[in-house]
Amino acid sequence: MKRNWKVAALAVVAAGTLALSACGGSTSSTADAGAASAAATEAAAPAATAAASEAAAANGNPCGWAAAPRAGGAKYVVYMSSLNIGNAWQEEAVNLGSAEGLMAPYSDCVELRTERTEPDPASQISQIQSMTAAGADAIVTFALSPTAINATFKEACDAGVTVVIYDATVTEPCAYNVSYITAKPVGSDIPFMGYNAMAALIDMMGGAGDIFVAHGVAGTSVDNVHYLSALAAIEQLAPDMNILTEWDGNWDSAQQQKETTKALASNPNVVGIFCGYGESGCVKALKAADKTIPVTGETSQYFREQLLAGWPGVSIGSPPAQGGIAMKVALGVLQYGPDAGIPHDIEVPFKVVTKDTVKVCPDDTYTEGCNVFPAGVVGDENTADIFNPLLPEASLTSAKTGVPPAGLVAVPFTVDELKSFEQDPSRRYITREACPEGWTQGKLKEGLDGCVQS
Amino acid sequence: MNTNPGRIRQTLTDGTGRAVFFWLILMAIWLSLQSTQGMGVDLGQIQSYLVLSLPLIVAAIGVTLVIIMGQFDLSAAGVIGIVNVIIASTLSSWNPLLVVVLMMALGGFIGLVNGLFVILGKLPAIAVTLATLIILQGLAVVILPQPSGKIPPFLVDGVRVPFVALGIIVIIIIAWMLFKRSRLGLYMFALGADPEALHLSGLPVKKIQLKIFVLAGALYGLAGVFMSASLGSGDGNAADSFLLTTFAAAAIGGTAFVGGRGSAVGTLFGALTLLAIPKVLFVIGVSDWTQKVAFGLLVLLAVVAGAFSSLRKDREQLLVAPYSTPTEGELSTATKGGNA
Amino acid sequence: MNVLEVSGLTKYYGDSVALDNAGISVGAGVIHAIVGENGAGKSTMVKVLSGMVTPDSGEVKIDGTVLELGVPKVSRSAGVFTAFQELSLLPNLTVAENLLIAELPTRSGVVSRRAVQGQAAKILKEWGVDDLDPGLMVGQLPLSAKQRLELVRTLSHNPKILILDEPTAALPDTDWLFRHVRAARDRGACVLYISHKLAEIGQLCESGTIMRNGKIVGDFNPTNFSHDEIISSMIGRSISMAFPPRVTAIPADAPILLKAIDFEVGNRVRGVDLQVREGEIVGVAGLEGQGQRELFYGLGGASPVTGGIVEVAGTATKVSNPRKALKAGPGIALVPEERKREGIFADLTSVTNISVPALKKLSFAGIIRRGPERKLAMEAGRDAHMPEEYLGRDVGRLSGGNQQKSVLARTNLTGAKILLMFDPTRGIDPSAKLEVYSTLRTSAANGAAVLFYSTEIPELVGLCDRVIVMYHGRAVAEFEGERITEDAIMQAAVGNTSSATAAQGDKS
Amino acid sequence: MSDQLAIQAQQRRSSRMQTIYRPLILAALALLVLVAGRLVSESLPSWIAVQTVLSLSMFLSVVAFGQGLVMLTGGLDLSVPGVIALSASIVAVWVSFMDGNLFVGVLLALGVSLLFGIVNGVLVSVLKAPAFIVTLAMGAVLEGFSLFITYGHKAPESPELLVTLFSGSGKLFGIGIPALLFFVVGIIGFIIQARSRFGRNAYLLGSSLEASRIAGQPVNFIQISMYAVSGFGAGLAGLMLVGFSGNAQLSLGTEWLMPSIAAVLVGGTVIGSGRGFWQATITAGLMLTSITIVIQSTGVPQGWKSVLYGVVVLVALLSTRSDFGRRRRKQISQSPLQGNPPKK
């Protein structure tokens, strides 16, 4: 009896899946419906006058933006998604992004939905697909892998979704990359965070001595770019320098601290540490060992406070403002249309802060030039770098809660403004694994693989 | 299909039935909420759901094999990861069928090494496979320092077009034959229940154990190929989550961690359940810290329900076991036993 | 030249010797008995012959050809088949699958369930056990059915050398077995018959060997031997085979320590009434699987009880788990059936095994005081005839008898006055049995009420003051004093209660 | 009876092998590894390295203590990282954001850890659910709770006292407090596991659950208490690690789970057997920590370090398995990580 039941169930399920997959080749019914409604709105659009934007909103073209929402509602559905790993940087980036969608003038046009993804590719793929199916007009997300999610992003693009990736990049051409990894820091002529950080470290060490190098998550492209560009800096600036040991710091201060502690046990003669995100762990381990040596790190409040107290170091790293900037890029694409010329590769400038340039913000608001919060305003691990020239409307409240303070107004990008932040094509190879038309693969002057004009 | 409540209860005490039941509930929630929210039932989405499930299904079946024979294998995630980076870094232009065979052979070889350490080295399987896992994860990063590379397009397409459902059906039929209709399958169940008795029955216990380790390894290799195909690229860290989800799938599917009990079909639905949970949470709109909590609670529910019902079943069986009815001959002989 | 020639077998486990230059030689068409205490090396020799164990040295010749040792397959193809004492059946496979496990019929690699069942049914029929459904899971069978299945599985290969290791431990129907064993002998097979039951050996065997400490210590003639002589050469010293003397009469006013009224455990124990007085040893008899296990386990709190009243020293008590049972009134302690799984803590020392019930008393602020612990265990061990030198050892490595003694010592330490002894003498050697008897009698003399189950009816006859017989979950008969005879018990045990006098608990 | 004496002698040897020699061998190996570290780093061996090994091993030991007891009884506790994160978050949020009393915060954190340990135990012992999955899912739930607590606060700071105690900045006689605490943890752990009634109960239950039950042991209570202690230990580790790191975060415990399991296994504990000794576990922890430090100091790329570490774990297992051969049968017949053996 039981066996019969099992066989029957198996047969039903088998038949079902077979039927489903047979139909699966054709495009989805929802997508068809969406496309149909979009076509209808477009057909109606020429008839409407510019003044009738309110009417247009009622017809499914809110705020008079370029195209109608895919789901056919009154607002654009925009997803802001981050990794569900309880990491301060991730939280701030997604909060700054969410806040944009809740600020005027966007708030009237956009229905913002925030999501979290478990940190494995299958989860992220599944979630992007769910968002696409839920009628997303734009998806702003942190991609777990530069390549593994590509097919899914492509599907989303094909369905008419604007996909914007922040911080880490993806190689899928239809997605927009908003990233700092190839950018030049403010006030520097040399691109690459890793290069700049290592150069600063070498400078602080007086050009000699042996160091530790901490990786982020080994096996990721961001980490690899930082690492290779740092090696390039050693090669060019201090070829005699030795790397005593390297470790996987996992972009996590607890892990960095544990690993630094271990490394110091066997190599107490170290004179500098190249430490990525989670640098507070490196510094705490050094403090416990009573060693004050130059450290490079990212932008945590703790590290900046240490710089303020005179620690020899350079704070240089990924600005969480990228989350907000990416959101504004996505909204810009919705507003001006995909063909308006918004570049797909946008470099976000970032700061270099040393003990000489560290400056306390008078309170928790942004004042030109300040780069660390007063003690006790934010936690150690929070980044002190939520402010960015591209995101003047950022606020500490937004970064903490994802909800902007009342009255704060977003400053939309113009297409030209974005064009001025387009990534230099010579560095395209690093983020896209391919060069733009008219360029071929070659060596950059920093020693990394890049593109050269043919 | 089931109108009789007793029948439903009967089904739920069976691990496989319960897994199917649980999965059907999740699918019903997902699809109904999805359509009422105006998203429609997107067949393409269901298909890609299957594509994503495929590697987990295959890997979890491998893990189930090892659990049924009463051992433990943590190396699945390691094998999948290394297969993925090898395909992406060096085999991308090879004949896809050759790739499949090679990667299954590689997985089988790793299984062999595990098995040899466990059986000849007489080490606990959990410790050996933990070490293998660490080694393989390290090698994956050595081979591919950053995500890149291409998977042979034939493989990628192979899992995308309707073949996926077909593939799942074929896999499940083969697995079912293997579990229920092959000598090795029978030996595997026997081994999990009582290895000593199997040894006394004159069967080569070590060889059978070794075969299962190799077979499981080969399945991880295949899962690695499927995962590569579903991702389309190489990523040394992409397989990490398989470490625990494979076991979760087996547990939800009713596999007993003491060995000797479990089914491929149950594991299949366990894996499908695990990947349906995020879908359900998405349509319900669970999107902050509650997501992790809800996920954990759902898995707990599925597993505890299973444990609970098999507890009742055991107890019932205990109370209604049959008597042995003595026959004629016993009368005359039993008196003569003993030596006083 | 004999069919089986074994010479110079030696096998060490670590430092301890299991076989010490042992050799036997048996001809075709002979049933040869091997006797010896547990741990004498019989089972190791069996395992060497079946290819399960590789000896350190020695040689086995079959028909003059040297047998490659340590490979089960080779032994089987040489015609050596063994029915093992611990049974080699797989609980989660069916009867049919078990029967054919070594050579499952497959069609192009696929096991055909129908072919397996058909073939198995044929074999079962051929060997006269067609009441066994080939589709049943073996785990659900009663022990006696498992034993028969094990024997059929061995016999059905028509072995050249048939080895039977304690084949009747759980077999009520020995005639069936003897018939087939004799048939095998007549066919020309060489049979090695290993048993503790000397009466059986007298009935069946033609020659015999005695083993002790891994050595062959002598031969005997089973058709004409003295039990005491054989037993003294088995254990290496002379003993008296008598049971400890019975207390002449239990006073009628002796308090009833344990009383069960209409006791029920599922459908396994159906309305049993019984009572045990202080100082009394009450035996429980019954064929395998008639509910006696559930009766004992139910009374001891180890099985769920579904109905009836249990009175402990006159007070109605609910015993829902063994812990509560131990705490109930004067205390109920259970000595379980499966010693290895339920009785001992195999990885721990005897001291640790014995001291369990006294841990609370022995510890100060949660810390166990080791000196007093050892002393207490030593005393309790001495009372249970446990040799002192074994106290520091892992129990799992002791002989069955010493394992059981450590269980009895622990039971004594609980201070419980109601002792439920479920087959405490199973599979232990004769001298240990005697010591167990004496421990039980001493406990009773000291005021305990003992409920004692044994598969060996002579034990019940020799030891008990009163015997209750169970059949299909009911107590169908009760015998007292002189009326306790093997014949009366057997009649009742097979459900034939008409002839049994004094049938008391029969409610059917 | 001479062979009986031989058995006795052998057993005494093997028991000493377990309780004295193996820990000594492991500790000697730890030292040897540090000395041999000279080959890869000129600064080894050093007093600093010894201190580092001791303090890192201290955290490891605290996690491994409960884990070892749970493993003795045939289970596994994968909820450890979740408990560590939750406990750390509770105390940090309580003190730094709610201005609560540190003492109360510590009690609160330990109480909650204990509570979830008990929940794990109940699910495993009463409902007979497989420990592996129960604790895994519970870990996810606890991580969710930790996110909830820190939500909007992000990486709350550790109370000063905990930082002084556990970061290594606090010193006693010139030695870092965590390094000294290693010995305290070692001794307390030894007393509990090897000498107390509580520890004895774990051995009895691990050796045979059924025999424990029939001998009148409160098996459910015992099993629950093992998970409770594991929860408590993880909670304690959470307090220590939040002091070590200075901040509460979700990832605090993730890097300690696998090493703690490895230490228990390399220390010779056989899952669900009643075999295993605390002194071997902590010395195995010392050895593994020394090895990671030496591997750390080699210049090989990160991936190769993992490979090296895995190989070393395998070799360590092989070299300390003296008793495994004898126990082969047991291992074949006993599935690792079982919940409870099915009732007959």
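In this document, chain identifiers A, B, C and D correspond to the written order of the chains, with residue numbering beginning at 1 in each.
The working rule: a residue touches a chain if its C-beta (ideal position, glycine included) is under 8 Å from a C-beta of that chain, and two chains touch if they have at least 3 such contacts.
These numbers come from a predicted model, not from an experiment.
Q: Any idea whether A-D or A-B has more C-beta pairs in contact?
A: A-B
Q: Which chain's mean C-alpha position is the greatest distance from chain D's?
A: With centres defined by C-alpha atoms, farthest from chain D sits C.
Q: On a C-alpha centroid basis, what's the spacing between chain A and chain B, in Å?
A: Computed value for the inter-centroid distance: 35 Å.
Q: Return the distance between the CA-based centres of chain B and chain C, expressed in whole Å.
A: Taking the average C-alpha coordinate of chain B and of chain C, the gap between them is 40 Å.
Q: As a quick test, compute the distance in whole Å between the mean CA positions of chain A and chain C.
A: Computed from C-alpha means, the inter-chain centre distance equals 71 Å.
Q: Where does chain A touch two or more other chains at once, residue-wise?
A: Residue numbers touching two or more other chains: 84, 218-219.
Q: Out of chain B, which residues touch more than one other chain, so two or more?
A: 140-141, 145, 192, 194, 196, 288, 291-292, 295, 315, 318, in rising order.
Q: What residues in chain D touch two or more of the other chains?
A: In chain D, residues 143, 147, 301-303, 305, 341, 344 touch at least two other chains, as defined above.
Q: Taking all chains into account, which pairs touch?
A: A-B, A-D, B-C, B-D, C-D
Q: If you look only at chain B, which of its residues touch chain D in the complex?
A: Residues in contact with chain D: 67, 70-72, 117, 121-128, 130-143, 145, 192, 194-196, 205, 244, 247-248, 251-252, 256-259, 288-297, 299-300, 303-304, 306-308, 310-311, 314-315, 318.
Q: In the complex formed with chain C, which residues of chain D make contact?
A: 3-12, 15, 191, 195-198, 200, 203-204, 206-208, 210-218, 273-275, 326, 330, 341, 344
Q: Going by the contact rule at the top, pick out the chain A residues touching chain B in the complex.
A: 2, 5-6, 8-10, 13-14, 17-18, 20-31, 33, 71, 84, 113-116, 118-123, 125-127, 129-130, 133-135, 145-152, 155, 217-221, 223-224, 433
Q: Inside the complex, what are the residues of chain B that reach chain A?
A: 1, 10-11, 14, 16-17, 20, 34, 37-50, 52, 56, 140-141, 144-149, 156, 161-166, 168-169, 172, 230-238, 240-241, 265, 275, 278-279, 282-283, 287-288, 291-292, 295
Q: Under the touch definition given earlier, write down the residues of chain B that touch chain C in their complex.
A: 177, 181-183, 185-187, 189-190, 192-194, 196-204, 260-261, 315, 317-324, 326-327, 329-340
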